[in-house]
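Which chain is which? They are A, B, C, D and E, in the order written, and residues in each are numbered from 1.
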Amino acid sequence: ALLQEDFGTDEIDGIPDEPFRIVQMIFESGPPAFYGEEAMNASDMLVDRINDEGGLIGEREIEIVDRLDEDAGPDSLISDVQAMAQEGEVDMLMGIVSSAHSLAVAPAANDQQFPFLVTMPGTYQLFEENPDMEYVVRTAGSNAAGAVGAVRMVEQMDDVETVITIDPDYAWGHDHQEMFEAGLEAVGADVEIVESRYPELGETDYSAHVSAIADAEPDLLFSSLWGGDIATFVSQGVDGGMFEAVDQSLLIGDTGAPLLSSLGGSMPENVWLGGRGGYQPNYRYDEDEAHREFVDEYYERYDQLPGWGAYHEWMGFQALQEGVERAVSIIGDWPTGEQLTAAMNNIAFESPHGQHTMYGPQAAAPAVFGRPTDDHDLPVDHPLLGEFEFIEAAEVNPPEDDPTMDWVDELEPVTG
Amino acid sequence: MPIESLLVNTFNGLYFAALLFFASVGLTLVFGILNLLNMAHAAFYGLGAYVAVWTLNNAGDVTTSTVVLLAMLVLVIPLVVFVLSAVLDKTVFAPLYEIEHVYQLLATFGVILMLDDVIKFIWGASPITVDGATDPSRQLGAIDLMGVSVSAYRSFVILIAVACAVGLYLMFVKTKLGKISQAMSEDYEMVQMLGINVNRVRVLIFSISVAIAALGGALFVPFATATPAVTLEYVLLSFAVIVIGGLGSLKGVVVAALVIGMVRSFGIAYFPALELAIVFGLMALVIIFKPEGLFGDEGVVE
Amino acid sequence: MSHQSLLDVDDLTVSIDRATVLEDVSIRVEAGETVALIGRNGAGKTTTFRSVMGQTSIRNGSIRVNGTDLTDRPSRERIRHGVGFAPEDRRLFTTLSVEDNLRMSTWGKADTDEDGFRERRDRVLEIYPEMEAFLDRPAGQLSGGQQKMVTVGRALTSDPDIVLLDEPFEGLAPSVREQFRDGVTRIKDLGISIVVAESNVRHAAEIADRAYVIERGEIVTEIGRDEPITENEEIERIFEGG
Amino acid sequence: MSTRETDSTSTTQNASTEPILRTENVRKEFGNLVAVDGVSLEFYDDEIVGIIGPNGAGKTTYTNLISGALSLTDGTIVFDGDDISDLRKYKRVRRGLVRSFQIPQIYDELTVFENVQSSVLSRKQENNRLFSLTHRDTASIEETERLLEMFNLESHADEHTEHLPHGVRKILDVAMSFALRPKLMVLDEPTSGVGSREKNAVMETITDAAVERNIGLIFIEHDMELIRSYSDRIVALHEGRVLDDDDPAAVMNSEAVNQFILEGGV
Amino acid sequence: MSTRLPTFGDMKAQELKGLLLDKRLLGGGVLFAALALYPGLTMNAYHTRLLAWIMCFAIAALGFNIVLGYTGLLSFGHAAFFGTGMYTVVIAMESAGITDLIVLLVLAMLAAGVVGAVIGALSVKTHEIYFALLTLALAQLLYVLAARDVGGLTRGTDGIGLSRPDFLGIPISEAPAHIYLMGFYYHVILVCLFATIAVLWLVLRSPFGLTLKMIRENETRAEMSGVPILRYRLYSMVLSAMIVGLAGALYAVVVGHVTPEYLDWTMSGEIVFMALLGGIGTFLGPIIGASGFIILQEVALGVTTYWHFTMGLVLFVVVLTLREKGIWGGAKALVDDLNERRDDS
């Protein structure tokens, strides 16, 4: 209703003089800080880039006025949201790595009528638990995409009968495992999850898990471990001969290039890496100019390839730019917070995996998987991914308004 | 249970026990002898890990010789931390010896928070790992142990732990230092009045303890990742070890590290759902049924 | 100062927390003497000893042993300069054996060896023969009186020139008290001077050559060699009825 | 059946001559050291008994067995007609068997008044009263005041106990025990560390109070003068066994006691 | 039967009157009024929320101090009670459909009391660091239960979001956010805080409170005065658990989302931290500590990425210089000192 009137003006009045002020919420300390650091890098780069072109719609610069450390816990985060809403000196909140934090902070921001662009957490429960949040949008794909994408991959694999899952012991890990298991059952795959393991977030010694998995010799290993955890796990797995004992692995934690870089030559080859979104530096690197620019600039600036934290941030800023443009074009004025979030609903914009589409306030990302290969043109001496498999967003995300778990329970097998 | 997996799990258990031993033996010495509950002890384990990654990654320009790299881990890093801790003992920790345990816990928790940020300031918040070229664990590869292939590097770590335990045992049983330590654990002031330079003994024990923790961190890191979370994880684990073993008991640390190492290794392998509960469950059971720990009332060495 | 004493405590003032516990306390002990420091509970005897041992913060005054000024030196130097100490509250190392407790006091001195220790231990056993029976037991398992013997023994095994004994009779059975009285003569024969802190005039009188009387942190009188301690006026005033 | 009846009649008839405490063959071993070796003794609530013995004779151990601080290796302890051998410490206290400590056990951060009042309240088993203010509890306040008066502690009433002189701490410790209105009190070296001047005063206060309140007393002491002047009966222990148990004059003159305990000295 | 449970004693009218004339009571009244009027006068939602947050933790720290400050037991497991309070509220609302605030608070206190009784019964025999680590381990097991969703009530680490409760049948929950949290609920917390203060003030000055102090000061003597010390330690754990549970319950509504993190040992650590920062040797210290901790964290977070360092430094310095006096005791000592000096000159 808000956006129905199209003023159709070219003249835009009322663009505030001061910059568009954003506060970011990311981990600056604790185990997930790795992810936060990437996001921070990308955001610095993107803000510079946008501001070089004059700012949002070329007119209003962006300023990151503050970064709040998620490690302070939800109590503090919620209070800070309240303070920002109260003082009215911040235009938008952006970020959040942890799903658990998103579940606590998003409703609070909405309560305060404070616009919140959620960029990273994947919990499918965000909008299902809290429907009608008018001030919240999420540009990160739901973790359904990764889990259901993995189900689709399994359907295509031959000779997979036994599966072991290993996921971090919190919302992200449990959600993935549950959806993956339910999905497999729904599509009638002839596979059995023989064991599910949940090491703690930040675990440093996986050798007991590794040897148990190696012992069980499953046909497939599924994991949503991410960040430093997946690097440690894979490296200890290589050491313990685990990847020789399992035929295939699907590693769908949000990690990407940093994992391949830290493992270097010892990355096993019989793995699929990927998950929600096509966030790999060499995926459609040549086909998509925007992507190439993003990767090159990031590499130049930080001497490393972007990981998923960086890509998530990129998607966030894309949505912001699109949203502002759209809102302004409709109302002919700088949008209020509510208008801005509304404008970010149901839009689509370019991304490495093609169109990144929002179903309502929630992005629907495709699933992309690839295999490690040395055959790539990027200037790094470690493997990147190749042999990409792409699964469209519509196939790995529930239709708008359908509860994810219900939908997963009723997945149809892919035929042909 | 096939014999191979029995062996592999035992090996894993031993390796984990070795790490726990490194992380906690100093804690028990510092508590047992100097009567300081040093929560920040595990921070030195974390520090050792970071220093080791940094050293190994920078060593690449000079050498990739396995022997030299191992020597760096085993000798150089502990030595550096030894010296550093002697300084810290005189400055940060000196006032803590006088106060009650509760306050020691809190003040040293403050030290953890500070050290944490110092590490973050120097090395950033992202996990860092040892480069392949200078990673002794990759260089050494695997060896055959009764028909099972196990990491040579990890076997080396286990051996170092054993050597360390034996060394400490001899040091605290066979020498004057042992008896003086025992006496200091009971009545610091009285030992002083018997003409013994307790400050020197204190610095020595504190620095040895901390250096062993750093050694553990250094040895641990080629096979894992240095992250800021290591400290917090090992704070709890090392307290669990010394409480299960009995505060202040060297033998207790060895036994408790072995018990936790094995229970965890086999527990995770065969009952993965229990992982989170294993250490705490064990700790609760031991304290409930043997409140002073397995070897709690026997003094430092027996 | 023309004459050098073995122990020379000069104008000592000590406060704990904010209260002044000792004020201008001066004590001298010559070689071969047995001197008593007599005072009621809380008079400041223990504090005086602790000060000589370097365990209080001294506001004023000095402590010299054999001419060396030890006022600001760390505690541990006392024993090297020949001061042995047997605290009132025993303070044995309960998990160590009695023998190790005795041995420990030789380690603070650079020049003592195991043979020297054995010799001195045997001298202690002559004073307290019953100690033989529990030499190997952990000190914490001893009865109160047994511990007291070890405490005094430990002060003697450090090869001191002077020992400070804080209430050495306390908790001893009558027969052992008797032995200890004989022991004092033996200690003196070895050329070791003794200072005893006593709140019991009778005990002090039995062994001391002369005495200082301390009250509320101040030395109120000095009793000379040829004066019988029990008959001193100050003593009678302070210990009237005792 | 019939035995039991005679027993109970005799109990009622000879109430005053029944011992308040009886130990039968009590024994305590520490490893292979026998600290208390079959001690059978009877104590009455109208007498003051001194225990003497060489160092390590087992005196402290024996009293620890009575109070429950140590558990028996063997034997029985009967208090006020009931077998209390396995009773928990605090329950023994509640029945009226109270000990005091060689090193005064008092509450350092409370005032002298509160120290005593806490014992009064514990005796009345009023520890569990939640919603009433102790400083307005007239009943216990009055009783506390009486006790302070009895032990000459009024002048210290509002002082914290931390810096009290040793002798006063000792007395306070005893006063707290009296507040429990015991039937029998056991004191381990009540005057150790107390200067020669105060020794008699402390003993006097204790024994007077005991006589006034009709409380049986057992005390360990090495000072033979005190033993002679304050005890009605003396038990001499030696190597964990009873060497003698008789009135003071007899014990002091006994050959064995002289040989093992006094040995010339007095 | 000698085993008597705590009785609710006989406060006389006269005593009450004496109480009312107390100077400190007057001060408390003024503070209460000021706090009660604050949101309405300033209309600052952030401050109101911050105050609500602080007040919840002040209750928790007060409750915790019964165990540490009065009974002398260092518990590292109080997160168990706080978390139980929180989960009781959500679960009762979501699963049992109970929406009345008062019922919820009472339920939460009871549940926390039961958990306190269980953990207490298992741990009161141990001492010092063993007690600390046993309570930590037991609380951590509760954390595992919640994180693993054993029993299917907690929804694992995702936690559960909760709606707002009603009040005595009045559907307050339908009021908009600012009215609910700022206007109504804030005052509920305020009243609970002052009620806690009043109850504890009374209880800790009762024979019961004196008994706890006896145990803290000298266990041997307490036992030898006929006090069953284990039982009283247990009572103190239960009482403490109930109050901390109340704090948790109140807080659940403030944050609106309950996760197992609130049962984790780091949460226990925070409660300990707060109590000590303020000073466990004083009655009101814990309140000051909770405020100090939360404000310090908020400020440090705002000004530096190295807020861990800042907090660590403050903790270190406060502990070393003030110890059991904490900030509050330290301030009092300073005032006394100044007065003394003024009197001197």
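One rule holds for everything that comes next: a residue touches a chain if its C-beta (ideal position, glycine included) is under 8 Å from a C-beta of that chain, and two chains touch if they have at least 3 such contacts.
Protein identities per chain, from UniProt: B = Branched-chain/neutral amino acids ABC transporter permease I; C, D = Branched chain amino acid ABC transporter ATP-binding protein; E = Branched-chain/neutral amino acids ABC transporter permease.
None of the values given here were measured: they were computed from a predicted structure.
Between the contact lists of chain D and chain E, the overlap is empty.
For the pair chain C and chain E, the distance between mean C-alpha positions equals 52 Å. For the pair chain B and chain E, the distance between C-alpha centroids works out to 35 Å.
With centres taken as mean Cα positions, chain C sits 44 Å from chain B. Contact of a single residue of chain B with at least two other chains is seen at positions 116-117, 120, 273, 276.
Contact with two or more other chains is made by no residue of chain D.
Among the residues of chain C, none is found touching two or more other chains.
Chains touching one another, given as pairs, are A-B, A-E, B-C, B-E, C-D, D-E. Chain contact summary for the complex, chain D toward chain E: residues 67, 88-91, 93-94, 98-99, 101, 105-110, 114, 117-119, 121-123, 125-137, 140, 176-177, 180.
Against chain E, in their complex, chain A makes its touches with residues 28-29, 66-69, 72-76, 78-80, 82-83, 85-87, 99-100, 103-104, 107-108, 111-112, 123, 125, 129-130, 169-171, 174-175. Listed in rising order, the residues of chain B touching chain C in the complex are 176, 179-180, 182-183, 186-187, 189-199, 299.
For chain B in complex with chain A, the residues that touch the partner chain are 2, 4-5, 8-9, 12-13, 15-16, 19, 116-117, 120, 124-127, 129, 131-132, 137-138, 142, 149, 151, 154, 220, 223-225, 227-230, 233, 264-270, 272-273, 275-276. Across the complex, chain C is touched by residues 30, 52-57, 59-61, 102, 163, 165-167, 189, 192-201, 222, 224, 260-266 of chain D.
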